[in-house]
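For clarity, chains are labelled A, B, C and D in written order, and residue numbers in each chain start from 1.
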Amino acid sequence: MSFLEMRDVHKRYGGVRALNGADLFAERGEVHALLGANGSGKSTMNKILTGIAAPDQAELRLDGEPLRVTRPQDAHRLGIAAVYQELSLIPDLTVAANVGLAFEATTAGFLRPRAIRSRAEAVLRRFAGAFSGDRLPVDVPVGQLSPGEQQVIEICKAIAREPRVLVLDEATASLHAAQVEVLFDVVRQLRDDGILVLFTSHRMGEIYALCDRATVLRNGEVAGAVQLAETSEAQLVEMMVGRQTGVAESTGATIPMAAERQPVVLQVEDVVGDRLAGVSLEVHAGEVLGLGGLAGQGQSALLAAIFGAQRRRSGRLLLDGRELRIRRPSHAVAEGIAFVPGNRAREGLLPVRPILENLTLASMRGRAVVPGVLSQKRERAAADQAVEQLRIKLGSVNDPVSTLSGGNQQKVVVGKWLLEQPRVVLLDDPTKGIDVAAKDELYEVIARLTEEGVAVILNSSDDEELLGLSHRVLVFYEGRVVDELHRADLSRDRLVASSLQVVDR
Amino acid sequence: MSGTQVRPPQPDATGSSDAGDRARDAMAWLMAGRLPTATAFVLLAIAFAINVVVNDNFLTAFNIRSIMANALPLAAVAVGQTIIVIGRGIDLSIGVTAALASVVTVTLVEPLGLLPAMAVGLATGAACGLVNGVLVGIVRLQPIVATFATSFVWAGLALWVLPPAGSGEAAPRMPQGFTQGFRDTTLGIPNGAWLLLGLVGLWLLLKRTRFLRHVYAVGGDELAAYATGVRVVGVQVLTYVVGGAFAGLAAFAMLANSGSGDALSGGGLTLISIAALVIGGTRLSGGAGGAGGTVVGVLVLQLLSNIVVALRPPTEMRQLIDGLLVIAALALAGLWSNRRGGR
Amino acid sequence: MSATETRVTDSGGRPDVRDLLRNPVVLAGIVAVLLFVVGNLLVPGFGSYGTVMNVLRVAAFLGVIAAGQTIVILAGGEGIDLSVGKIATFSAIVVAQVSGGEDGRLLLAVATALLFCGLVGVVNGVGVAYLRIPPLVMTLGMVAVVQGIIRVYSGGQPEGRAPAALSQLVNARTVLGIRGSVWIWLIIAVGVVALLRRTTFGRRVYALGANRETAYLSGINVQRNLVLVYVASSLFAALGGVMLIGYSGAASISLADQYQLISIAAVVIGGTTLAGGVGGYLGTVIGAVVLQALTSLLVALNIGAAGRQIVNGLILIVLLSAYGRQRRLRQ
Amino acid sequence: ACGGNGGDGGNGGDGQDTAGTGGEEGGEAAAGPFTIGVSNGFTGSEWRTQMIANIEEVFAEYEEQGLVDELIIESDDVDEAGQIEQIRNLVNQGVDAIIINPNSPDALNAAFEEAAAEGVNIYAVDQAVTSEAVRNIVIDQSEWAQISAEWLAEELGEGAQIVGVNGIAGHPANEARWGGAQEVFEEHGIEVVAQGNANWSQAEGQTVMQELLGQYGDTIDGVWAQDGVAEGVLRALIDEDRLDITTTGEARAGYLRLWDEAGIDTIGVVNPPGVGATALRFALLELQGESIDESQLENGNTVFLPLPDSVTSSELDAWLADVEGQPDGYSVDVILSEDEVRDYLQ
């Protein structure tokens, strides 16, 4: 008998079968990986455990007792806490209020702010290394933190409940390596305290670094439950996608070299703005320029500033040597610049609208039959093309995009720019939450873009990806470029050393 | 790739960063709902100053008492509306709820006595809120239309409780002391002002409760709050109940002003209450704001109309000027606030 | 139908009956029919062809005014236009005063009305998009402003009346007793549905409503399109006003005020959500018919004032409960 | 906003026979020039516009005599909380008398007493109020309704069936009128099969009539319609080609013209917006030290003004000439002269 047993779990969403008799068995004091391709049902499994989703059929047991969760409060009462794939923070409440939400210290219904604050501070202190600045942001409204810091708060919130079972659903997707390491230290400690951690991630490295055993889902069914020490990465991937792939080695291998000999496409000169203290760079046609460094050093801010989504206080942008006047994203789009933002739910999707409209949004103007008038046939053809190119798993392009799994949603966000035939592509963590196989497809897309002479700027929280894809990496620190690493001398150690070099100065 | 061997970054403790942090905290403190309220206070000061200049009768005892007495029904309704709006709701029936509560109270004064009648009136307001809350929280109707629909029901009930006079019998009235007390002063300050302060005090008390914290959470992100374990439905229902109870308080202020009830009264308060809370810095999309600002917003509106009265524009220009002034106040109130949604 | 309105199961492309029943437009249609059937039981003759035609004829005014309301609500951001009723009144008065009742000046009068109402829309749009005033209070403020303009312009006593040609157009009896106003509505409805589904503007409206941030980052000029949305709303309200003056002959200074809130109800009953991004005009068309039928039924039922209000509210609640409901929290 | 397109008026209040009100608001003579305030809580009707225009006109007359110096008009769409505010604003601006078209018969009483305590005379027009601190200068709405009801009953004869098209449900004037009309119908054995509320809006009057025709078109012989909706009712009858149904009318320019075009027989009972201006005359005479003859007051505080002659088909041409050049919304009007007003004084 296992500590946590989930047997024969079924769940349908309308016509989509998310789970079809999946099982999960996990023990106290282990970090158990829940793996699978995008849309295989991992999040659904987690949500059923925490009471957010109602299973059509399931048999759940915790510690020998039948587990009845019909709403999140039940789960909390039973000691189950979760970090969901989509954040569940209230932006306007302070960090302390968020961490304490729904189990506040009170007397006669009145809050005890000091108790609430100190409880939050205690948890945050465990993650001290994950925040920028030297003070814990306990009293700051959560909405003002960077995406990575928000993710950490989300984790703090779950841990503050002192759970018996901690669910981490892609909790590392927007974390940088250093932040991940802090998290892992905490998780290992929890594990040693006898807590069960269910861990879902698409980063293979993390899984091997942290987990003991894994349950692999495929199309809502269990494809296998394995000891990780005895299973190779290739075997795991095969279980997930059901075919042989060379994923592990392929990252970046297809990106063509020698890009720097081609002409410069985009020049950024001394851009100053929020979190940017003067950044200059050049990208060549067919080049992938990586942005590296610690979390929150202005990489995302730079992409947003180039795209006109964030104000520039000074600095110039030149495309093919011609100065651009980009004050808002529509100007950038008109110049052939594409931007895949880092937060897909908030910035990348029209959740209630059909997949088709999401895919064609940025490019519909060019396809209009008469200015302003759309042809259904052309729209459909364009959408189908993107679906095929990125192998988006869907029922119908007319379904709301919110019904897709996280990874497939991310593909839609990327796909909308492929129809636009851009000159410059700005990617902010484009593979966040994408499974290994799909990542590969996306890498191929990036390779194809470079072959066509498109200039790509890539910010990624995943160092492997950055190393594998980039021709050059610019290392950021406090809103400045502090180092430039070329393909030839690009290695993990160099990157890490360079990111931390400020310590030596 | 399993060998992630990066040291956690060392936060550098230079002096400049410290100052930066303090500035960031100060900014955060202001943006956490306080800046919009500060804006409302600035507007209040401006409106006050203009009044002093243009209105000779502004600082007379009668006028100050009038302003307070006029403001009170709207303020009570607007505080209730604010709580509902913070929870990402809205109550288009709140003015009519006040009307229903007022006619219930006034008709019961004679048979039951003042205090029991007021208790029933308050309960009537809360009960209307309960129905709204159930429709929004449990039946999950969209607040604007659900409360639009119930406003008809409350209006019908009010007409039924107190049909318009005309049949020759005397309309029920509030006791003389009730209306008189409203106009008196205590310690040199009009009782209306004391009651207004009481309203703010009530809000400050509520704001310290767990309930209101959860109202903010539900208004900020309903699904996130649900996932975190907030009893979203219960919170929503209770928000409307509390809002309805404030409408009950507004009913007392209306009765104190008028001395007797009227089934067709109060409806006008609904939409103005929303304007007041927006000026006071509460966001209509929920999750931010507060009733302190709302009360300031009510006073701003009151003083603006006082200015127009004093300036005596041609009659036919009056509504035009009123409308433009309200829009100007709304725009100014938004200028310094971080209203989200929409670029 | 827009994509979400005709969601079919992926199991073969044939619309499932249960899915159809979940479609707000279909549901609203069923309710409309039910209302006439039940009405006929309560008041014999209520379901007659003549009554239905009469309801449609008057529903046309609400329907046209609610077209703009639909667009505003679809564009999200708590979008709502409380000024449509007043703008329609303004438009009617402009038509009456400018035309002076002469057919020859009809086109000039209508153009003038559309121009000035369009300007009101611009102000609404600028307030919402650039000054960031929440739509509800912005358009509420404009109610007072437009009322003020009406008083200044008409002196509180509008002169002139509807040109005979306009009255004939709106009230004409055509085949099967269908009135002119219904045909006008039909043409406008086809236009609005096409606008929302087949044009880049329509797509942008939905995008603005679904997620403004995404729309912005996808290269849509959010502010400019928002202004257009409010202009569209004012223009449809103005058209409704033109039709109303044709119907009632003389302009009065509160002619169309009643449409302020009921136009929102028509949109919501038609399955458009106030959060924006979901819904369409077809639903609003049915919503307008449902609400007009309800009004007629209440007149026909002949109950006292208090009772009528209560029944009106209760039926509205029942209608909304049938399909105006939001998603449940638990999936 | 409440109030309606025109015919909102008041009933005589609560029949309590309260003796002399004397005291604060009449009596003592003061030297001019006086300041006059006007409070109007509803702007969405032409009738109200005309009422205010009349007041301004008569005020100008007195201004020339140097008797008054300022006219402060508070006119907006407000409920009675808003109207209480209007009253307080006027008092604060130092007016000597207030002419008010009240939104409620009872709910302003406390504000009236407050104003009276500040030495302000108050005159309610159109709609009577119950406060003893106020003089009501109104027409008797019930009597107003009964004139056209009598006419209709006589036209149709016993046993006829009719429908009523009214103003705002629950509005005191509406209830007083409909109550008065129903009495007449009962007396004459006329059956009222249904009534609809058209909120004193012509467009709504047209729709309501259309709906009533749909249901009861085959059975009814007549329609009793209030002013503010009668033109809409007539339009519906013309549109449906049912001029065989007899309807009552209204004394407004637009209606008179349509009446002429349609060539029907009907009646238009006058409800003069000039009542506001008439009240202004009362106000100034009382401010100058005269006071109302108590014996002329009904219910202790109400002066019922005589109803002017109604418009009838036989004299339609003369009336049409009278309203020549006036907008459609113009109501046939009467303002009492100062001499006529003196008849009510001691």
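As a working rule, a residue touches a chain if its C-beta (ideal position, glycine included) is under 8 Å from a C-beta of that chain, and two chains touch if they have at least 3 such contacts.
Note that the coordinates shown come from a computational prediction; the quantities given were computed from them, not determined experimentally.
Looking at the partners of chain B and chain D together, the chains they share are C.
Ranked by separation of Cα centres from chain D, the top chain is A. Spacing of chain A relative to chain D, judged by their CA centroids, is 71 angstrom.
Centre-to-centre, using mean CA coordinates, chain B is 30 Å away from chain C. Between the Cα centres of chain A and chain C there is a gap of 42 Å.
Look at where the CA atoms of chain C average out and do the same for chain D: the two points lie 34 Å apart. Contacts with at least two other chains are made by residues 52, 71, 328 of chain A. Each of residues 159, 163, 223, 226, 318-319, 322, 343 in chain B touches at least two other chains.
Of all residues in chain D, those touching 2 or more other chains are 43, 52, 77, 169-170, listed in ascending order. Contact between chains, using the touch rule, shows up for A-B, A-C, B-C, B-D, C-D. Here chain B touches chain C in the complex through residues 92, 135, 139-142, 144-146, 148-157, 159-160, 163, 222-223, 226, 232-233, 271, 274-275, 278, 283-285, 316-324, 326-327, 330-331, 334-335, 339, 341-343, going by the rule given at the top. Contact residues on chain A toward chain B in their complex (touch as defined above): 50, 52, 71-73, 75-76, 82, 84, 87-94, 97, 101-104, 106, 109-111, 128-135, 139-141, 144, 157, 177-178, 180-182, 184, 204-206, 208-209, 294-295, 328, 464, 496, 499-500, 502-503. Chain A contributes residues 13-16, 47, 51-54, 70-71, 307, 309, 328-330, 332-334, 339, 341, 346-354, 356-357, 360-362, 364-365, 368, 372-374, 376, 395-396, 398-400, 416 to its touches with chain C in the complex. Those residues of chain C that touch chain B in the shared complex are 77-78, 80, 82, 127-129, 131-134, 136-138, 140-149, 151-152, 155-156, 212, 216, 222-223, 226, 261, 264-265, 268-269, 273-274, 305-314, 316-317, 320-321, 324-330. Those residues of chain B that touch chain D in the complex are listed here as 57, 60, 62-63, 66, 69-70, 73-74, 95, 159, 163-166, 168-171, 173, 179, 183, 254, 256-269, 305-306, 309-310, 312, 315, 318-319, 322.
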